[in-house]
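In the two complexes that follow, chain A is the common piece, with chain B as its partner first and chain C second.
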Partner chain A sequence: MSVQARAAARTPATQRRGAGGGLGRRRSRRRTKELFWAAVFLLPALIAIVSMRIAPTVSAAVSSLHQGFPGGVLAAEFSGLANYSELFGNDMFRDTVIRTIVFNVIINPLQVAIALIISVLLTRKIVAPNLWRMLVFVPATVPIVGSSIVWGIAFRQDGPINAILAALGGNPQPFLTSPSQAMASIMVVISWIGIGYWMLFLVSGLQSIPDEYLEAAKLDRAGTIRTFFSITIPLLKRPLLFVLVADTVANFVLFVPIQMLTNGGPQNSTTMQMFNAYRTTYTYSSKNLGAAEVMILTVIMLAFVALQFRLLREDRPTRRKR
Partner chain B sequence: MSAPASLRRRSRLERRSPLLTIGAVLVAMIFILPAVWLLVGSLRPSAEIFSSISPLSWRILIPSSVSLDNYIALLTGPFGRAMGVSLLVCFLTVALGLVMSATAAYALAVLQFPGRSVVFAFVVISFMVPFDAIAIPLSQLFTGWGLTNTIMGLVLPGIGNGLAIFNLRQYFLSIPTSYREAATIDGASEPRVLASVYTPLGGTALANSALLIFLGQWTAYLWPLLVVSEARLQVAPVALARTFGEHEFNFGENFAGAVLLSLVPALTMFILQRSFGGLALATGEK
Partner chain C sequence: MTMRHLRPAAALIGVAALALTAACSGSESSGGSAEGGDWSIPDEDPTATVQVLGHQDTEIVQPVIDAFHEAHPDITIAYESVPFDQLNSVLDARIGNQDGNPDVYWADQPRIAALSSRGYTEDLTDQFAELTDAFDSAPLESSSFEDRLWSLPIANSTQLLYYNVDLLEQTGAELPSANPEERMTWEELHDRAQEAVDGGAENGFMFGQMHRYYQLEPLPVSMGGSAGGTGEGNLTPDITSDAWVDSMAFYQSLFTDGLHPTGVTPEQSSDEFLTGSTAYMVQGNWLVPSLAEADFEWGVAAHPSFDGGDPVTPTGSWSLAMSPFSDDKEAAAVFMRWMAIDDGGGYALFLEAPELPATPEGKEAYFARDIFSSDAGQDAAAIIDYETANTGVPRLQTVGYVEFEEILGRAFSDIANGADPATALASATDELTTAWAKYQ
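Here is the complex of A and B:
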């Protein structure tokens, strides 16, 4: 009885849908309705993009073409590319750009390579692989402010790293207070956090490689190294590309350990573009010059990302599953 | 069902290399020891952090006495307030961010309109460009909009997350369209379909997106530094960095602050991972 009642109640709906005459009009009304809701639903996201991504980019671009007194007492005047030519004529800024590029050329491949070696080790036949993976990942859960504090104290003259060096018979090192060691010390700090995080992506990439490929290589008597470079690396291209690009983007805007540990020093040896743009804008109150520095940083970073896409997208297998 | 079991048995029979295991242990120790030192340091008096170092002994990782004094001193001071501000900012961001991501993802996955794939690409790509690169010019716009030194000023930049929208869209695409058709025939409007059909089914993807938004906001440092100058609105990472920079160092409290900052993400991940596991099982059986 109730089933019949429900069926009867549903009949009008079915008829409505099946009716031939008003179908076109109803479909277009339905489409208008969907368009309306799509607009309503996308509105918050689009407002966020326009106000918080596009507006600052445009304002930085416009601001970089103006010059004004530091502190902004008088209105800034349009000056074309004067800020850019001033920056590139400045030795210190050129050094900062070169330092940023060298830093990224070293740190990104290095971190990805170490993360890859650790991932390979931790996916081999070992006792309790999950435990070791978890221990390597733990530093990634420490926010960068916390990691900077730990390493800032560890690298002190009277800190544990120097105590270990002394116990091994070495001399104490200045680390963060030495122009020649400060950058390497910062690299240690960010690698401690980053490597465990990137390792997770590479471990899951390694685990998704079918055993058959490795067995086939074994049957063909390929050695471990040959198998690694001819089978593992090509099949791992997608996660490798993702990790390399994400790592590069993160390291180009590196700021926290530099501000907390060295403040760009000693002798500017750790001043990189992000910190420099912050210092120009807020410490020296040169808002227009700072905007030009932000634009240059963004362009160089995007160029690097585009280059990495090219490098890793090339010579992919021609026959791909569609 | 029998295939995974036999695979597991085979891998258990395969010989595990002791040499590689030793390598794995060494690598794990390099990564975990600084974290252990941090945890131990937060539980002992500041003076002992350095007295345990020279001469180097096992005392460096084993405190002579364990106390929560550092935590108590820290939480009753300005840092306790900063933790409260951080939590408030995070929860507001997650709430607003989930609504924004879910509605956008629903429109991009379910609704039919011209140019849908172009809008999708635009939304995701524009959120993928690193926020820090435009934080400085944006903070100047926020000054003009009167949003500096406000909670909303801290919250707003965190609500847009391209990865969250992407994840939710992928998940919504996997929900059979017949569910929505059935709800529409029953007279449900689009917001109703999203709220009572897609949201309850999207548990895993929603939790994942909430985690992304939460962690992004919890660890944020540069943006709060730029947009907040008043002490009463200071978030935890900035407050901690300030005490670290002071001349009068208190290493024990610095360590305790770093542990508290790490504890929240670690616990969140642990809890969500457990609920992920349960959810994955439930949907897998369908």
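Here is the complex of A and C:
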């Protein structure tokens, strides 16, 4: 409590009213001034959010309710939900939606689990932990275009991976040119890039767990696995939730490796919703239909993220009794 | 979940949603037509900068631009190169946003119908009415749509069968005849490619533009199939006939029999042949200049056809189109006229490795180049002249060409990778039907 406030508290109420009015005005002026400067400093960020996030979102939503001749310079007409009914009446689009969901159901827990395992290993007493962490993180520092090119070469029929397979006595694999292997190959590429990145957040989360909890578990004779599931995981929920949500968003909007490595093929086996929306919008010039595809993708992704929040919510803290 | 937890949760969901929609919303077209038509080709050059978008590397086009600057010092050309596969997407984004950049762009001739229907090209009919006699009729037709001129052709093309004489002699194979009347059949070529591979060649045969409709259209058409579409506006897919399925089965056999390399892109194919690894390659007339530097002896024959089928070759090439939203249409028109028409076309005259010109005057200069002076070069010149006059078939003329080329390209790729040709073509038909529904 400030000196003035303490003095005001000692002053009788009748006197305080008059003096408090002056104080209140000063406070109000100060508060207005603070708000003004807060607004000034926040303005660039607000302009950026409105112009680069909110406006395009509203634009996409409005665009998805129109139909017109494909192409950017001819007027589109309001058509209500016609684009949505057209999309859901199309087998190929439904397949793309299912493929995107299946892909995310597999890849997100898998990537987070691998990142978690590596994080746990790298927070144990090992030689040169920073070196290992750096090695795992390095792929995340390479631009995704560069990584895709390198993996494109690695996966070629006459590429190094097949050369190793052949040297070990195995058969060369088609990888990116086989409908049954292309999706798995894309998963390898994005995991190679992503796992090191997500690992950093989890390592930091693991290091923030107080040693007392682990020591207490040890005193209680809890084993490694029991400690991991009863101490580490509950105390790691927040970073885990962040990593899972951010990873999910990244994988739902996956685009570059697909465009560079498979172009959605072979036989559409790697055509995901984001790539499909791009193709509809920019290759086929159907901007309105593309916007509807993006809106559907947004809704599906939000459902996923909401589910993840629900599954990983922290238990309501019980109020301690005095 | 407490409020304390709800807030970051809601924020994250919001950020995720916004990031996603912003990433792919693009800009909504406001519609309306471009301003245009009210301009003319000036007698005196204005001072202006013309922004040009093309698929050629800058260093390849630079000698042409330098020559233009010398002839028209007041007009500056700002050339920007975009990879072939991305050119249409970039154009779509920029012109769709009614952007004044580029003023002029490389337009693939079969896309003229689609580009003009979408309002992406300026109508040049009135301004160039008295200048179109300069062109050969085929490329001029390919640059027009519904009796209006939407672009100026700067090149034409055809395909030839090149072969590596050293490799063939190594295997004791007979050299193909350069006479178009004695062109090889595809069946015969398959056998010869097999012999070459058995004799030690790394690749028996290679298409210069594998998986692309331009290169593969002659296969079904040679067997009696259509160009790929029928009906009003050519908007009914016609790619499941016997001619299409059988010709694609042949295409697949080149890959499954190990005669055709799989990891080579169209951008890399010429270099692959120039390494001396490949016995036969069907590639465009543009390979001739590069062959002057080959360290093996090369020969050339006419494009193959199927046994009992018609001799058919790809044709058409690039045009220059003007954006209806250009800020400098008069200067852009001066540049386009110089590139396509003046003295036979500056593009063909000054390009170091020239493309086949779209004007008779340009063609005379083209065939007089040193690159055609060798015996094999003379054969190439004769075949190019014959094929462009007799066997060239235009690509499918349809407003839905963009989707057609894209979907068919994926189907070709799938077939080469082992998909059943009939199934892949049926699936492509479904995709095309859906994609073309908006034009019906």
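Here is the rule we use: the second predicted complex is superposed on the first by the 270 of 322 C-alpha atoms of A that agree within 3 Å, B and C clash if a C-alpha of one lies under 4 Å from a C-alpha of the other, contacts with A are read in each partner's own complex, and residues count from 1 in each chain.
In this section, contacts are C-beta pairs under 8 Å (C-beta built on N, C-alpha and C of every residue); 3 or more make two chains touch, one makes a residue touch a chain.
As the structure is a computational prediction, the values presented were derived from the model and not from experiment.
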So, does A:Val112 touch the first partner chain B, the second partner chain C, both, or neither? neither
Touching A:Ala277 in the superposition: chain B (first), chain C (second), both, neither? both
For A:Leu235, decide between first (touching chain B), second (touching chain C), both and neither. neither
Could you say whether A:Ser285 touches chain B, chain C, both of them, or neither, answering first, second, both or neither? second
Of the two partner chains, chain B (first) and chain C (second), which one does A:Val136 touch, if any: first, second, both, or neither? first
With both complexes overlaid on chain A, does A:Trp37 touch chain B (first), chain C (second), both or neither? first
Tell me the contact category for A:Ile258 with respect to chain B and chain C: first, second, both or neither. neither
Applying the touch criterion given at the start, work out whether A:Thr57 contacts chain B, chain C, both or neither, answering first, second, both or neither. both
Which parts of chain A are touched by chain B and by chain C alike? 52-54, 56-57, 59-60, 63, 158-159, 249, 252-253, 274, 277-278, 281-282, 287, 290-291, 294, 297-298, 301
Which bits of chain B are touching chain A when the two form their complex? 11, 14-18, 20-21, 23-25, 27-29, 31-32, 34-35, 37-38, 41, 49-50, 53-56, 60, 99-101, 103-104, 106-108, 111-113, 116, 119, 122-123, 126-127, 129-130, 132-134, 136-138, 140-141, 156-157, 159-160, 165, 185, 189-191, 194, 218-219, 221-222, 226, 237, 240-241, 244-245, 251, 254-255, 257-259, 261-262, 265-266, 269
Can you list the chain C residues touching chain A in their complex? 1-2, 5, 9, 12-13, 16-34, 88-89, 92-93, 95-98, 117-120, 262-263, 324, 402-403, 406, 410, 413-414, 417-419, 424, 427, 430-431, 434-435, 438-439
Complex contact set, residues of chain A against chain C: 52-54, 56-57, 59-63, 66-76, 90-92, 156-159, 174, 177-179, 242, 245, 248-249, 252-253, 263-268, 274, 277-279, 281-287, 289-291, 294-295, 297-298, 301-302, 305-306, 309-310, 313-314, 316-317
Okay, in this complex, where on chain A does chain B touch? 10, 13, 17, 31, 33-35, 37-38, 40-42, 44-46, 48-49, 51-57, 59-60, 63, 118, 121-122, 124-127, 129, 131-132, 135-136, 138-139, 141-154, 158-160, 163-164, 166-167, 192, 195-196, 249-250, 252-253, 255-256, 259-260, 274, 277-278, 281-282, 287, 290-291, 294, 297-298, 301
